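The structure that follows is given in the form of structure tokens.
Here the chain labels run A, B and C in written order, and each chain numbers its own residues starting at 1.
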Amino acid sequence: MSDPTPLLRIDGISVHFGGLVAISDMTFDVHEGEIVSLIGPNGAGKTTAFNSITGYLQPASGQSLYRGRNLNGLKPNQIADLGVVRTFQKTSVFAGNTVFENILIGLHRRGTQSLVGTLLRLPQMRMEERRLREAASELLTFIGLDKRQDELASALPYGEQRLLEVAVGMAAQPKLLLLDEPASGMNPSETLDFVNMVDRIRARGVTILLVEHDMRMVMGVSDRVVVLNQGEIIAEGPPAAIQRHPEVIRAYLGTGASHA
Amino acid sequence: MSRYTPWLVLLFFVTVPLWMRDQYYLHILITSGIFIVAAISLNLLLGYTGQLSLGHVAFFGIGAYTSALGSIGFDVELFGYILVVEPKPVWLAFITGIFVAGLAGWLIGKISFKVRGAYFVIVTISFAEVVRLVALNWIDLTEGPMALNNIPPITLWLPGQGETTVWRKLPNYYLVLAVAAIAFELVRRIVQSRIGRAFVALRGNEPLAMSVGIDVTRYLVIATVVSAAIAGAAGGLYAHYVRIVDPDIFLFIYTVTMVIMVIVGGKGTLWGPVVGGVLFGILPEFLREVAAPEVQWIIYGVSMIVIVFFLPQGIVPALSRVTHELRVAASPIAQDTKEGEG
Amino acid sequence: MEQFLQHVLNALILGGTYALLGIGLTLIFGIMRVVNFTHGELYTFGAYMLFMFVMSLGTNFFLGIVLAIAMGVLLGALTEVVLLRPIRGADIDTTMLVMIGAWIAMQSLEQLTWSGIAKSVNSPFPVEPLVMGPVSVSWARVFVFAVAILLIIGSHALIHRTRLGKAMRATFQDRETAALMGVKINQIYTATFALGSGLAAAAGALLAPVFVVYPTMGDMAALKSFAIVILGGLGNFWGAALGGFILAIVEEFGAGYISSGYRDAMGFVLIILVLIFKPTGLFAQKERVG
């Protein structure tokens, strides 16, 4: 059921790097409860789009509106506080910490500040610690990494590290989760598990915007697909329509319409 | 490290004066203790948030000067008015020193964290130099190179004894030990809390930390303020023990000494600064017997390089690796769950 | 008015040596990303080398200058090969500590060898100053200025007109690509460190006859070098050169018209201000991406 006001509205975003136009006039919506995939050949500007939405980059023009609120100029942590969390394309975990600690760090938003409370070890602080640890355990079970909880994040096999990234993102209680190539490097069976995971995340009330190369995954999981090529949106629609779209096929010529 | 280690160590140090009567060695332990407090504070910034702050001695010195000036009183001309401050009770001056050092930490932190990396290193060094030059030149306030003399020792209210002034070495030793224990515990609480996790997160992976809502600058400033306040406490202890404070307290070499203690001991660990402080507080004394001062420093310089080459994480992590391996070797079935030490 | 001109002249001359120090450090900082704490010691070393050659060994003054610089280059190369190369790739803490250890060891060795008593070096220049209308300057300082300018131009030529320089610039821009293109990174790093150290030693040798030589003279020089690098931006040759002159001007005029006690602080206050308002330095060319 789509709400008339989109959860996320990207409106005319342009990003320049010196003389290079990385993204030009990008406009699309994401509605609450949807899973939208942003696809396009390498270098199309997908990660740049994520960076500009979540505050790591300032767009040259245009704006991102989350629940009607302009995200431009906000710092990434402020945007996360609003409920918009992103993951990273290159494996990004807290390498020196255990899996459990990684999730605990991700749960940062669910705690409250108070330096004084920490120094005095007030009862509220201790209760909060217990709550956070319980939440971490629950999340680890949800994502399937509970057996690994005491291992160093850097020691995990690649596929599980990527799962951990998603778990850390989930810990921050997003309403809108931006996943940057979460399935890259996964084998087909891992990818299938991941697709199920994405559905379960949506079932928890999280709207998802996904950047992906893996067409199997994209077609399997998305409600809508937005296609970016050389910084411009060239197509938008349900997966089946996109697969047959001539512009899209042309953009992918040379890499093949379905990613190997 | 087990839960009881801190208590055992504390107990050990409490008993030291009972079997070691030599006043000179007690003096060494006291000055080492003061440096350990400073190292513990620096470790919060250098070790846990991973920021290469090389101006730390500024906070130490600000704490020392504030506490000293507060306890002996001063008058200074400011914008045409003369400000006169009567001598205050020493404990009050000491607390003020902590507060002013923390405030300096807040100011310097807010400015310095606009940049990172090598630039940050340089700006922290610069701040410390500016503070040193102010202390040297604002003679009206600080007596400049003529130093602040006759600083009174701390006066405490002790149960059963009423007001005691801490003149002799023994009570000074216990005072420093108490402050060191408190500093250790405060840092431990922070490090094992959500705030400590935020520190480690921003040290490990800043963009990721931001993506889960951690306000990096805010936590860096928090770390700096707490770190500066504890360093200010060390400075206050110094002022009332040595009882003379001059601008040389701000020399870069003292920051270097603290940095050496933290990194060689093991940055980002709770015991690192303690081990480092004991080592580099006591080592000079043993070396003094056998080598001229210049040779001592050469030995430091070289031993620093050697340790960094072979034990880059510092002594404490290396030791805990060894004990871990010993434990595993001793009972291969044992499950080893490490306390999250950040 | 004469005072003003005199200050300008003093600033120019001081600025020349500051520029040498700054250029040397910015090259090392920029190309190798090393926080070089030994830079001040190379300055001191250059001064002591001149002292040794001229006063202890009786060498001709001008030859002594050349030899002192050569010794600086050698020490720089040695430091890089023995200390930095083995820890290439380690985190910035480790490198910093090694550099601090080396700084301590070097300074103590100097103290051990020559004691803490200040030494002076005789220069062959006439004592009466050169008078040019309302301003005057000693011949010794004129010499310092001339050689400094020569070395600045020479370094610039080295960096922009030789193959070595080209390789250095490539490494500065993009180390990985430079390596792929066949640049021997090890050699470039050694050459960079040697060059930077040589410039610092030159500054020390040039100023040795003008001031006195003592073991801790490098500490302030090091701090000011850092300040100059910030002013000019990391790795920016002309930025560092100009930064050196700007620092000298700020110091001269600050000391002359505001307060001489705070002279040394001027530079630091300046860089703190620069870092607050323009963190990439006064002369940043590119905007940072992202």
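Basically, contacts are C-beta pairs under 8 Å (C-beta built on N, C-alpha and C of every residue); 3 or more make two chains touch, one makes a residue touch a chain.
Everything numeric here is computed off the predicted structure, so don't read it as measured data.
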Centrality ranking, top chain (CA atoms only): B
Chain whose mean Cα position lies farthest from chain C: A
Result of counting contacting C-beta pairs for B-C and A-B, higher pair: B-C
Centroid distance [mean C-alpha coordinates] between chain C and chain A, Å: 48
Averaged-CA centre spacing for the pair chain B and chain A, given as whole angstrom: 42
For chain B paired with chain C, centre-to-centre distance based on mean C-alpha positions, whole Å: 32
Per-residue multi-chain contacts in chain A, two or more chains: 56
Residues of chain B whose C-beta touches two or more other chains: none
Interface residues, chain A side, partner chain B - complex: 54-56, 75-78, 80-81, 85-88, 92-98, 100-101, 104-106, 108-109, 111, 113, 115, 118-119, 121, 125, 128-129, 132, 150, 168-169, 171-172
Parts of chain C lying in touch with chain B, wherever the complex brings them together: 29, 33, 35, 83, 86-87, 90, 92-94, 96-98, 100-109, 111-112, 219, 223, 226-227, 229-230, 234, 259, 261-262, 264-265, 268-269, 271-272, 275-276, 279
Complex contact set, residues of chain B against chain C: 52, 111-112, 114-115, 117-119, 121-123, 125-127, 129-130, 133-134, 136-137, 252, 256, 259-260, 263, 267, 292, 294-298, 300-305, 308-309, 312
Chain A partner contacts - residues on chain B that touch it in the complex: 186, 189-190, 193-195, 197-198, 200-201, 204-205, 207-216, 222, 226, 337-338, 340
